[in-house]
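Several structures are given next for inspection.
Look for chain A in each of the two complexes below; its partner is chain B in the first and chain C in the second.
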Partner chain A sequence: MIARFRHVAKWYGAVIGLVDADVEIGPGVTGLLGPNGAGKSTFLKLLTGQLRPSQGEVRLLGANPYTTAAVHGRIGFAPEPDAFYEDWTGRAFVTFLVRLHGFGRAEAARRADEALDAVGLSDVAGRKIRTYSKGMRQRVKIAQALAHDPEVLVLDEPLTGMDPLWRRRLMDLLKKLGARGVTVIVSSHILHEVEAMTDTFILLFQGRVRASGSRGEIRAFLSDVPHRIRVGTPRPKDLARALLDLPGTLAVRLDDEGVSVETTAPDTLFDTLPALVLDRELPVTELREADTDLDAIFGYLVG
Partner chain B sequence: MPVDRAAYRAWDGAARPSAGAALVIAGAMIRRILRLKLVRWLLGTITIGVCVFSSVIFTFMREGRANRRVAEVLERLGYEQGSLLAWANRSFWTWIGFWAVLVAALTGTRLIAEDRRAKALPLYFSRPVTLLDYVLGKALTAAFFLAVLLCLPPVLMYVIDTALSPESVAVSHLPILGRSLLPGLVAVAVLGSLALGVSALCEKPSHAAFLFLGLLFVAHVMLPRMLAEHIFDNNDWLAISPVHCAHRFAIELLEVPAQVDPDYPGMRALGFRWAAIGATLWTALGFGLLVSRIRTVEVVG
Partner chain C sequence: MRTLQGLFLVARHAFAGVLKGRRAVALLLLAALPVGLAFLQVRFANIVTASNFMAVVLLGYFQVVVPFAGLFLGVSVLGDEIEGRTVSYLFTRPVPRWAIYLGRLVGSLAGFSLVFAGSVVLCTALYRGRAVVRWVEAGAAVGSGLLGLLAYGSIFAALRIVLERALFIGFLMGAIVEGAISKMPVSGLSKCSIWHHMALLQTRTTRVAHPKLREFLQGLGPEETVEGSLWVLAGIILVAIKAGVWLVRTREIRVPAAVA
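Up next, the complex of A and B:
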């Protein structure tokens, strides 16, 4: 495990930031999802050692990130707010931050140039940051997080304000880094953005970790919520009649192209369906779980 | 993408000396503040002015080749026979206090306030930068500008004195140089720590500068006067002012008592003690504010 939260809570006076978070984060890309105010930034600040947990324990790369400054040399962090010296150029800004990792001036400048190139800012690296657009600012933040080649990359809402082209490119970049073995943790309140990058999530709502794991694991975990399964067929009435007899079936909705079944026993349905359609000679054109997308799962989790 | 792990691995974060990050921070901040024309102009003008003043003094007031008219003017200004270098340094300390406050307000007060406004603290503390690195880096930056203003001129005066002296005085005047630098170091510590402490309280550099000036007004004008005149009825208390304490050190250390006053009562009787108490008090207050506040700022930020 790269990171571990063990019953972590964080509160700011009377305000609760995070409650009893108990999760593990492994290599690859992990999406941290939740609406605004869910506790994503608090989670990431605890992870990167900027906050001390009020309760519980955070471990990152085997150490306590709050007390072990050396761990910070192995992580890259891009905060959500614009955190810049506006009168500096992009190159000077990134170089300065890379130098704080202990690199010499020349090496830091080389790495800064490489990172700025990776996020498409080499042409404007010599311009002052105050002249940058919102999307360019986001990319500078990502460049400073990448430039020292971290093992763990923590990005707080990195795609906000970015144009669609660069949004896509950065998603690809993060996926590539994840595939290379870098642990990438990306927070967002936009589900489809994260869904496009990874299949592993931590879902936060009102300061609580509501679920973590892959989409399938989280959906399976929601055993008390009926599953919706879509079966496509040109004879929906016949199929609906057959499905209603199956144990666990709660409701069947028909349309011209098939049926949507709500069931508490999806495994039974998947096991029985082949024999059933063969027996009744029902043509099936489509079979899928209709509520394993992140939107639906999130909807179930937060009510 | 940067994939060269060899260079990265060459440095082990755990083994890195703390001063490294502090020096990087200080270097970057110094370069940044030096872009301010007013700061450059102030430091340049005062340094050049001191050089010109010293050159004139050390050329015309040398025993044996003193220009009588210049000597008369200087005598009216308070020059007394004794060490020219010590006198020049005492004169320097009579007027530099105001400018030191101004430079501290222009440079030191912006250092942390700007980081808070720019929300840059997470960028530092998510790196292998400790609180000590950060505070040390900012303190070195504030100290640099104050030291250029308060410690460089005595060094330049010493160099000019030595260069223009007909006989070799480099060694014999070294103690005077040491005594000239000490008040500067005291002022650097006091004003630098107070400026940083105030800077940690504010989110806008301009607010921090005004708060600093307000604090100094209270601490320099009101508090010592109240203590001296209304509470203890003892003027020595005036020396606890953050501006006066360094000045008092200069007077105490650079006097030539045997030549000026055979009944010179000694440092302690003249308020050296109060100056030391003042310097310690204000420096502790500044650093106390800074350290306690920056930890909170980190959490809130």
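Up next, the complex of A and C:
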């Protein structure tokens, strides 16, 4: 396990930042999802040792990140605030921060150039950061987090303000890093962005971890919420009639291309459906769970 | 090794940052104040003596420039990084927080010292055109002033870790402790002020007689020596730095939320 939150709470005076977070984070890409104010930044600051838990314990790579400076050598962090040493060039900024990891001047400069190149800023590396666009500034933040080859990469809302092209490229880069064995923890309030990068999530709402795990695991966990299953067929009326007789079926909605079933017993439906369509000689063009997308799961979780 | 390298890099970064931003303008104006006074005096006064220079040192530098510069220095040590919300970049590196704090204190002090020393040298050069002011007096002023600057700076730097409004509170504290309390006619109370020890170092190591200085010297007991004041200032500096290091290690430092 790369990181572990054990019943962690964080209060800012009377304001609640995080309540009883008890989650584990493993290798690969993990999406930290939640609307603004859900506690994502607090979660990431606790994870990277910038904040101390009011209660509970945070472990990162086996150490307490708040008290163990050495563990920071193995992580890269891109904060959410749009804050820089504005009069510095992108290259100087990244080189300075890489040097704090103990690298010599030449090695740090080489790593900074590589990281800036990876985020497409080679051409403007010699320009002052104050002249950068919002998207470029986001990419500098990512470059400084990447440049020392961290084992754990923690990015707080990294895609905010990026143009669609770089949004896509960065998502690909993070996926590649995840596949290479880097643990990437990326926060966002935009579901489809995170969904495009990973299948493993931590869902936060009002300071509470509402769910964590893979999409399927989280959906399965919501056993009391009816599942929506989409079955495509050119004969929706016949299929609907057959599905209504199945135990657990709550509702069937028809359209020209098929039916959407709401059921409390999805396993029964999947088990029975092959025999049912064969008996009635119903052609099936599509079969999928329609509410395992994050939007739907999130909707269920936060009401 | 990584800690030392980090401390050095952060110090260099802080040094370079001293002469940037609005605070730098305030610092330069502050440092220019006694130089401006010296210029006016040298240019327009009929008689200019070395004791005029001493008055500028004791009243201009030690009572105004050093405390205010110390206040600016102290609050900028971590304050600049916190208010600029760049502290996250530093605190997520494998360099202990105390090393970052010390690095910024040392770097900022070096920058402020250069401005302060430059101002005293310029002032001395102006007076030397009209009166017998020895460089040793200027050296004593720089040395005493730098000790005072470090004392004030380390106190206010530690204060800034605890208080967000350290500039305001530091100003009040300076005015109360250095201004009001130290001037009260109560025996021994004046020794509580940093000004007292800076002035003692200056007066005991120079030969210039100024009415203010003579009055000050008459009030000194035989036990008040240069060594004693050096120990007091060193003690204040060490305790304040230790307190700052302890606070930065134990106290959570929060980045203020962005202003929409």
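Just so we're on the same page, the second predicted complex is superposed on the first by the 303 of 303 C-alpha atoms of A that agree within 3 Å, B and C clash if a C-alpha of one lies under 4 Å from a C-alpha of the other, contacts with A are read in each partner's own complex, and residues count from 1 in each chain.
Here is the rule we use: contacts are C-beta pairs under 8 Å (C-beta built on N, C-alpha and C of every residue); 3 or more make two chains touch, one makes a residue touch a chain.
From a predicted model like this one, the values you see are computed outputs, not experimental measurements.
When both complexes are overlaid on chain A, chain B and chain C end up clashing with each other.
When both complexes are overlaid on chain A, the residue A:146 reaches chain B alone and has no touch with chain C.
Residue contacts after overlaying the shared chain place A:85 against chain B and chain C alike.
Of the two partner chains placed around the shared chain by superposition, neither chain B nor chain C is touched by A:263. Once the two structures are overlaid, the count of chain A residues touched is higher for B than for its counterpart among chain B and chain C. Contacts of A:212 after superposition: neither chain B nor chain C is touched.
Of the two partner chains placed by superposition, only chain B is touched by A:114; chain C is not.
Within the three-chain overlay, chain B meets chain C in a clash at only one of the listed stretches 21-29, 57-65 or 165-173, and that stretch is 21-29. Common to the chain B and chain C interfaces on chain A are residues 12, 45, 48-52, 69-73, 75, 77, 79, 81-85, 87, 96-97, 99-102, 144. Residue ranges of chain A in contact with chain C, taken from their complex: 12, 45, 48-52, 69-73, 75, 77, 79, 81-85, 87, 96-97, 99-102, 144. On the side of chain A, the complex with chain B involves touching residues 12, 45, 48-52, 69-75, 77, 79, 81-88, 96-97, 99-103, 107, 111, 114-115, 118, 144, 146-149, 154, 173, 177. Here chain B touches chain A in the complex through residues 1-5, 7-8, 11-14, 16, 20-21, 24-25, 28, 32, 35, 114, 118-130, 298-300, going by the rule given at the top. Those residues of chain C lying in contact with chain A across their complex are 1-2, 5-6, 9-10, 13, 17, 20, 84-86, 88-97, 252-255, 258.
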